[in-house]
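First up is the structure itself, then whatever we jot down about it.
Should a chain be cited, it is by its letter among A, B and C, assigned in written order, with residues numbered from 1 in that chain.
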Amino acid sequence: MVATSHDVMPDIELYQPADEATALDLASRLGNEGWLLGGGQDTYGWLKDRNKTPAAMIELTQIDAWKGIKEISDGIEIGAVTTLTEIANNPLVQSRYGVLAKAASVVASPQIRNVGTLGGNLNQDARCWYYRRGLDCYRAGGNICYADSPEGLNREHALFGASRCVAVSPSDTAPALVALDATMVVSSSSGERLIPAEDFFVGPDRDILNMTVLNDDEILTAVRIPNTWANAEFYWEKVADRNVWDFALVNIAAVFKVSGGTIEDSRFACGAVECTPRRLEAVESEVRGQQRSEELAVSAGEIATDGARALNYNNFKIPLMQNLVKRAIRG
Amino acid sequence: MGEIVRYKRDVWGEEVILGVSWDLLYVVFMAIVILLIAHAIIMAALAKKNLDRPTGDGRRVVRHESIDRLFHWLMAASILVLIFTGVAPILGLRVAWLDIHWISGLLLTFLVVAHIIRASFWQDFKSMLLMPKDFAEPFDSSRKPGKYYFEQKGMHWAVTVVALAVIVTGVLMFMQIDSPFWDRTNSMAEDQLGLVFLLHGLSTLALVALAATHIYFALRPEKIFYTRSMISGWMSEDEMAANHDTSKWSPKEAE
Amino acid sequence: MAYMHIGKDFTPPDVPGKVTGRIKYAEDYTREGMVYARLLTSPIPHARVLDIDASAALAMDGVIGILTADDVYPDGEPQSTGLKILTNEPTLVGEPILALAAVDEKTAESAIAQISVTFERLPFVLDPLDSLQPGGADAYNGGNTFVFRQGFAEEKWTADQVASFRAGNEPTAEPQQTVEYGDLDAAFGESSYVYEGTFTNAGYPHHSMEPRSALAYWEDGKLYLHGGSQSLTAFADGIAGIIGVPKEDLVFVNAATGGGFGQRARAGSVPVYAVPAKLSQKINRPVMMRATREEEFTLGGARQGLTGWIKVGFKPDGVMAACDLWIVSDNGGKGGGADAYSAADCISVLYQADAVRFRGTAIGTNTAHRGAQRGPGQNQIAPIISPILDVAADELGVSRLDIRKINAAMTGDVGGPQRTPFTSAYMPEALEQAATEFDWEGRQSRRRQTNGSKVIGLGIGQGYHNAGRSGMDGIVMMGADGRLKIHNGVGNLGTYSYASTSRAAAEVLQMPWESCDIITGRTDLHLPITSPQDGSNSIFTNTRTCYGAAQDMLTKMKEIAATDLGGDPADYDISNERVHQIADESVGYSYAQVAQRAIELGGKYTGSAELPEELAEWTQIAVSRLEGTGFMGIFHDPRHEGNPPGFTVTACEIELDKETGKIDILEMISIGEAGTIMHPKGMDNQLVGGAVWGIGLSVYERHLYDPQNGLPASTGYWQSKVPTYLDTPLKIETGWVDLPDPENPVGARGIGEPSMGSVSAALTAAITDALDGHIFGASPITADMIINHVAGTSEEAVPLAQNNFRG
């Protein structure tokens, strides 16, 4: 198959389970031949262009148990097939976890947010254009990277953590959830495992074929956000070329516990600079116990990009990331 | 099971080699396990005849100098690390394998090069040479070898060939990734790159088979003294006399 | 003048269909027995097809047949630039190699995957300057450039010449084309401020919403072709030749078109419509060919990317003394246009420089084909020249508005290397109106004000395109019901020009709009030839023809009335759908009656005699079929004199965030100077639509090809960065000068293209303003460029590279 856009949906089995057990059973039975379908915004392009050819789709949006936002003993739980629009507009999320509401509100476009789900946003595949074109690169199981090369068009690619593949995490909600220290609820027919958001995503050094640690038989069913950072001060910003329907050039999510102008504690995460949301622990320790100030913002910004390795066309992400960290600290 | 070679489309849609089919890893592994188990059973069946094993007691001779043992174990360690880190992602283990892999690969390359130089100029190179007459050795129980018997030489040269193949292809592959020494270039055409991956994969498979065989024989009761000699450096005169022709190999006495 | 229709809003007849979704585009039609075609396109940027093995595909159930280049060019492919229907010699990724028809699209797509094509890979090139290097690859088979009437040729510079240009210096190579007027050296000698530098313009795709899909079938020896185009009869006229069908046997059906921006005006830009036509002929089934978004990217082509060097000199009072322009044009894989020349022409027209020299060379690359796109040349140079004007103004102590007024074109001026007089020109009025409505002077206190990392920038800019042609034909008909039928071949590309121009006929006959029918949408309704609907010409060109045809009918009405009712035709006038004596309005005919009389009289009144000489062949066919069916007004438009310009002025205020590189357009106003305004709502649409395009040109849209393998990276709307709703101001204010042009019977000139250029000029000027006079010399100026500039980060991009970031 030549790498091009074919734009014709192939024949494919569609399963529409209405309950959890059936869905988990299907996921287990179909393994890597079963494609989990949320809002379909990351799915149909792959399938219509015939660059991914699973035998079946398992549509998860009819399972009520995996929808909606509810309070739990320690915080809230958001079902994985809850739409991004619902998350962005939910009063509970808005009031306690504004950073997530804000992040969800700037994903793609209103139309996509209306059908796109949290699970889909977190699990979406890399947006590297070479990979998306259907080329057999490392991420597609091949033996070459077209983006990381002397002439590669890699303006949107990674500053950190590259290992053969230089694609970045495209999600807007992921950095927010990492900043909020959320937990991913991952289910399979053999049980449930809870994974810290930070560990849910995986870089190419450990798994070049996948963006998350989900195994073939597993489904991300919910995200739990603890009370730890509820009502914390937060900063969110997404810088993209366009204000609608675009992926971040760099985005930042930060939450702060501030007392009398002093940052007692914080968590920072940046998207689109690494294959996973990048937690900025060095920045967190730099600002811990410090008064907010321009000097602090500048020093923390510089620390944030320590170890960055620019490619041909993404030099700008270094000052941009520094600037976003500065802005977060300024508040 | 299926194909031996995996193919992919190159950037312009033409089919090129991607590499070896990793199904073969299971095939090779199973084949070696079956062969070695079969060997173990046959040896067990023949075990009565071989009861009078030489003893390790008594006077000792030097079998391997400490530098050679160091070389051997470093090579062994790097090869095992290379095999593990190379195979881990194929088995679906999520480990950050690549840096360890190429660092081990560089270590192995250095050791092999150093060993070749040492063996060529400072060691008894001839002791490892396989001569035509050596091929009669397995079939004539009256013939005893010098320092290395036929199978040992065979194993050494098989490992040499496979290791060199894996090293050469590995170095070529290493040049295709970013490293502290260079940025990757994409300079190799995709069909050539696929061929390199294929040869690396095939030599890896051979290396897995050889390593498994080598370890098996190293652990066999009738050969374990060789393993001991590779650890401690010595073998007993009794062991030497039973297995080697002292006219062809006269080691110095161990301390 | 008090008009009945002109200058008044109305609802064009296709609007309800567009609002309700009932209007049909090419893909919406079906035909009994219809099969579906899919294209196999080249995966390689430059290759030769050695062998096609379609046996496996043809053996599949549901596969009907294939069409190859050998089928459409039995005597061999044309050895020239220009798009081909299908080719065995692709010069860009995505060029159609063959088409396959099957019972449904899925089968066709699966069958395409079974076809094995053996290619010989040939060297390819993506940047004109790389091709100019000694030993650089040539995009075409036979060279990297095409010389008219000579064929392919190879153009090479020395390595030093290329390196020197990339380093920012004036090219020293011999240009293919040189055009100049005035004494350049003397003019620079008079200059007290001279700017000199290199620049790039990205040549980005058209990306029409409706792709180049088409349906074709043959019935009773006639070819019925459904497709989208900007023009109607002009397009049909051309596509008949490409397909090889006599004009009288072609019915082109095109009621609505989902966007056309230059590359859908002429059939030569859309030869792919011949694929379903030829395939249908071969397999004897109706064929629907639906083009994908990516295919539309390739088939639709792009504007020319320009890589240039500019030197501009200003006298102490701000008068532009001289402009020296050297441009290497990226002609893509199939040849291109004359954007570079138009850029020089635009500078001459807009700024009335005393001396201008243009030097240019056009070089092919293995990228999308190039051709006219909204303001080809004029709009690329707008974002380059405007910031230069501002820096010059600041240097000379002249206000940025005044430097534009000082140099503005007026009636009586001439413009362009040909020194063509304007039919009329009211640029000073447009500048004044924009400045007043925008409160340009009042806002100067906000200039470069900062708020944290944000800084205010103000910009004002001008746009120009030649906006009118002539020499076309007009037909109006009236039946015994007295309704006026305006046969309009303009084409419906979404601007409603087909309706606006028709209103000139209604105006002449003082006909209530409710009593008019616009006959358009398919050529078997017998439509006159028009100019291709490009170059902002329709309003000027086709109000002339509609007006002329209605005038002919009016003259004939008066003749009939005078003959039947007595007196001289000059004694008659019209009102309330009657032709009557001026002295006694009761003596006359209703339009229904006069039409009935015309039909009875026949001859010249029904198109059977005394037809204008020089009617186009296409019009003659239409007239021959309409002959005798009704009262006919017919007109062949003589040529006009002079250059009817379309001018716009835009002013804007932006807030630029130096930390994120993002630009927020706070306010924007565009003023049109296009003679009399035919349709205010349409004018507003043109100005606002042009503004969105101008924003895209200035800061978003790009054209990327992977330098390693020639694959296009910006084939869709996301990667090409077409601006979205939130990237444009919530409200773009509009206005117009509304002074009549003497060369048009209703005073109208066109506006489509300049409305984009002035926005780009204003926006890039505002960016330069916000960044204290920094000139990027590029379009687009993307966020990363601003961040890098502010941070002092160096860019690793190859200077002046086309089809890459920054060009």
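Going forward, a contact is a pair of C-beta atoms (placed from the backbone, for glycine too) under 8 Å apart; a residue touches a chain by one contact, two chains touch by 3 or more.
What you are looking at is a predicted structure, and each value in this text was computed from that prediction instead of being measured.
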Chain separated most widely from chain B, comparing mean CA positions: C
Interface with more contacting C-beta pairs, comparing A-C to B-C: A-C
Between chain A and chain B, centroid-to-centroid distance (C-alpha), Å: 44
Distance from chain C to chain A - Cα centre to Cα centre, in angstrom: 41
Separation of mean Cα positions, chain C and chain B [Å, integer]: 70
Numbers and ranges of chain A residues touching at least 2 other chains: 1-3, 135, 146, 149, 152
Multi-partner residues of chain C (at least 2 other chains): 43, 708-709, 711
In chain B, residues with contacts to at least two other chains: 11-13, 186
Chain B contact footprint on chain C (complex, rising order): 43-44, 119, 121, 708-709, 711
Complex contacts: residues of chain A adjacent to chain C: 1-11, 50, 109, 129-130, 133, 135, 146, 149, 151-153, 155, 237, 239, 241-246, 249, 312-316, 318-320, 323-324, 326-327
Of chain C, residues touching chain A in the complex: 38, 41, 43, 94, 105-106, 109-110, 113, 292-295, 453, 659-662, 700, 704, 706-709, 711, 713, 715-719, 721, 723-727, 782-785, 787-788, 790-791, 793-797, 804-805
Residue numbers on chain A that touch chain B, as the complex places them: 1-3, 135-136, 141-146, 148-150, 152, 162-164, 202-203, 205-208, 213
Chain A contact footprint on chain B (complex, rising order): 8-13, 18-19, 89, 94-99, 176-178, 183-186, 190, 193-194, 197
